[in-house]
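Shared chain: chain A. Partners: chain B in the first complex, chain C in the second.
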Partner chain A sequence: MNRLTQLALSDEGFVFDPLTGESFTVNPTGLTILRGLKADRSLESIGREISDQFEALPEETERDITDFIHHLRTYHLL
Partner chain B sequence: MDKQLVVAISGINAVDNPGPGVGVARSLKEDGDLNLKIIGLAYDAMEPGIYLDWLMDKTYIMPYPASGQQQFIERLQYIKHQSGLDFIIPTLDVELPLYIKYADKISQMGIKTFIPTMEQFRLRNKDCLPEIARRIGIKTPKTAVIHSFEGFSQTIKRLRLPLMIKGAFYKAYRAYTSQEAIGFYHRIVAEWGYPVIVQEVVAGDELNVVGVGDGKGFSLGSVGIKKMWITSQGKIWTGVTIKNRHMLEAAEKFTQLYKWQGAFEFECIVAGDDVYLIEINPRFPAWSYFATGVGHNLPSYMIRHVFNLPRLPAADYETGKLYIRYTYEQVTAMRPFQEMITRGEYSHEKIV
Partner chain C sequence: MKKSYEKPIILKLQTGFMNKYGSTPYYSRKTRSEIDGVPIDTLVTKFGSPLMVFSESSIRRTYNEVFRAFSTRYPSVTFGWSYKTNYLKAICSIFHQEGALAEVVSEMEYEKARKLGIPGKNIIFNGPHKPFEILKRAASENSMIHIDHFDELMELEQISQQLHKPVKVGLRLNMETGIHPQWSRFGFNLDTGQALDAVKRMKHGGKLILNGLHCHLGTFILDPQAYAEAIKKMVAFAYEIETHFGFKMEYLDIGGGFPSQNKLKSSYLPPELTILPLDEYAAKITNALYENLRPGDYPRLIIETGRALVDESGYMITTVITSKRLPDGRKAYVVDGGINLLFTSFWYKFNLEIDREVPGVNEPAVVYGPLCMNIDAIDEGTLLPSLPRGARLIVSPIGAYNVTQWMQFIEYRPNVVLIGQQGELDIIREREDLTDIDRREKLPPRLAYK
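== the complex of A and B ==
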């Protein structure tokens, strides 16, 4: 099972990994991305939500998502 | 439950490097359906558990295990005669060989135990861990079992620093330089003798399991945790429950394969899908109350199993439950201390 799908997320951006006991915090953009990935949504759809929610330019949003996914891979969450 | 069971628990030295006994006693007291009298077995009159009158009904001083079997057996006979002892939960590594060796004799005295066999106890030897890990489908860090200084010198050249330098049963030091490694090696040889275990340091999360095996290959229950914060002595101060499938399955397989009897603690390092076995402790760990706090009262499961009492309904536990140890001060009369010193026993029932 994908580790990401098992993460516990709070509305405040507190993230707990029940597999390793690690916890960390993410900002609202990160939380939106994590929730989107957990729900198996496409990156385009997550990007659109972020652009709408935070009034960000699509290219900025795309960069943020790419960076964030890189971090998730670094931590073996994806 | 109508009949009262008298249960003795050792390791009530709830100090900065705490024994497991107080947590075990607390767990048993929390099973309201068990009618138990709790006896604390102490090796020193200043062990804090003696003074915790809400956990201990009576306490006795025990002879040190090094005093030999005669004193040990005679003391148990005395306690049995005085208090009607039904069951003992020994929780200290150093006393376990004595309880295991004389298990039959203790049983003939009408006192039950639920501890590993001597063969199972020997599995905790660190030089047995690679074979156990292999059989249960996990790994161990690169390990060398050393019997001479020459072998040690060759090994620290061969393996990559930092290295763990360990005694076969006790003590483990992390060495970052060859000089440090040599210093720890001499310290272990002087204190514990050979073999010395040299092990590569594996990066990952330090995860543990507490469990109880029924001696027939089944688990009575287990809980996985991560130690989030440890003291300078390496003891847990804060932890969180986790469910690492690979580690929990390995612990289950260990119970099954070795038909483990009694409590155990499984210490692992987990890096992604790789689980490395670091240590097996053949007893309850000092943090075993954590399992009780999340719905798995393992000491109670053990007593219910041994005395054929109704089992508690199978429970699951939630991940993300936090454990926080704290210090507490107890102020009491001089009398318990005085009686432990002069008579070697004290009953809290006498307090008015």
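== the complex of A and C ==
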């Protein structure tokens, strides 16, 4: 089971995990990824959304999304 | 219009992670786009990365500040540049131009000083290993030899006989001054009477003339009072020698050991809060001289400060090769210069500066060097914003003990550049290549690869 679906996300990047009571902060790009993952979208489509909204190279975002996902795993959010 | 991009990041909120000034550490960071007005980018484009950089202005400024702290308080002060701290020719030459003697502790260092043109009389020769031939050369060139042990004392008597002249010598002392560990393995112990025995022996032998006392209490000495203790004991001993043996001490050499503005790993507080200004050391030391010397007696005060004169003038520029996420959630960066070049990383927590503004909050990070060795970590716990590949991290202060104790291990050692006072950029040590490593090796023909 992944905790991600239960997370409460605010527009300001405040993240609350009701299961553990832990809270996190994410920046705007991180928030876009979290929302995408919650909605069960593919990494490619999340990547496209980021490239559309932000000035970023697709290779860079791909690498950064992978890193972000590793980070979610270390927090056991995924 | 698209928004500017910031690498995605998530941080767990922890209570108690605020510092005592109330601001969050997640936004504070240091950037450095230049050294002495020369852009980091220019330095790397011209000389490559990693790169060691020294500032001539900073060395001269520091030397003059420290020199004045003493010379405005005591009439006869001389510094001896501790070669082992940094014996690149250009660096030694700056100190010699400023008026420092050479303080050497081996045959190699003695030869290096002579090759730079320093006359023997301006060389202080310390250390436990002075092979006979170099000791003899030093004696014939009238250098200031500080005897470390009885065998050396006896060899010097022999040398005096061979040279048909009395040899002037100093005596290295060690003593209790409240500093631990006590560097008692060098020289003769004052508290147990060993030093007195050495003087008796010299008097009895009739070949050596004792004219100076030397001690070096240790390094990174945080309490200036230790120097005051040492001076009290040295002056008392000097007068005892004069009264009983007729040797007059022309100088007192108190060694090195002043701390630099570097953060010891063992220290929680930043150096600004733990390290007293060197002015306070100068005040304590010169007060101790006036309290203990006879009125009108001003033996020359010699100081062999190494670290405190050069550490802050040196930087290492590194480049981020890659980053990865560690299983514990920390971000790890690999940069192209590591502990192979930074021997002092074993006890210092360096200042890390980024060459550019990087948007976003900081996250806990580790900075590794390029070696394929687990121990190669420059910083095992810091806060950095998400750095892109190719960003430069500038490590400082690294001017003391690194360009002498660095290792040729796995990687080539990089260029070392000096920024002159007029902005001149000179390579003072060239990047190594395979010929440097190959030159001293011999391959027996039977082992040649066919």
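Before moving on, here are some points about what is shown:
Just so we're on the same page, the second predicted complex is superposed on the first by the 77 of 78 C-alpha atoms of A that agree within 3 Å, B and C clash if a C-alpha of one lies under 4 Å from a C-alpha of the other, contacts with A are read in each partner's own complex, and residues count from 1 in each chain.
Assume a contact is a pair of C-beta atoms (placed from the backbone, for glycine too) under 8 Å apart; a residue touches a chain by one contact, two chains touch by 3 or more.
The structure displayed is predicted, hence computed values, not measured ones.
In the superposed model, A:71 lies in contact with chain C only, and not with chain B. Of the two partner chains placed around the shared chain by superposition, chain B is the only one that A:20 touches, whereas chain C remains out of contact.
Counted by residues of chain A touched, the larger count belongs to C, out of chain B and chain C.
Once the two complexes are overlaid on the shared chain, A:59 sits clear of chain B and of chain C alike. Of the two partner chains, neither chain B nor chain C is touched by A:44.
Overlap of the chain B and chain C interfaces on chain A comprises residues 22-23.
Partner chain B is touched in their complex by these residues of chain A: 8, 16, 18-23, 76. Residues 205, 207, 225-226, 228, 239-245, 270, 272, 319-320 of chain B are the ones touching chain A in the complex. On the chain A side of its complex with chain C, the touching residues are 15, 22-30, 32-34, 50, 52-56, 60-61, 64-65, 67-68, 70-72, 74-75, 77. Residue ranges on chain C touching chain A, taken from their complex, read 2-13, 323-329, 331, 360-361, 386, 388.
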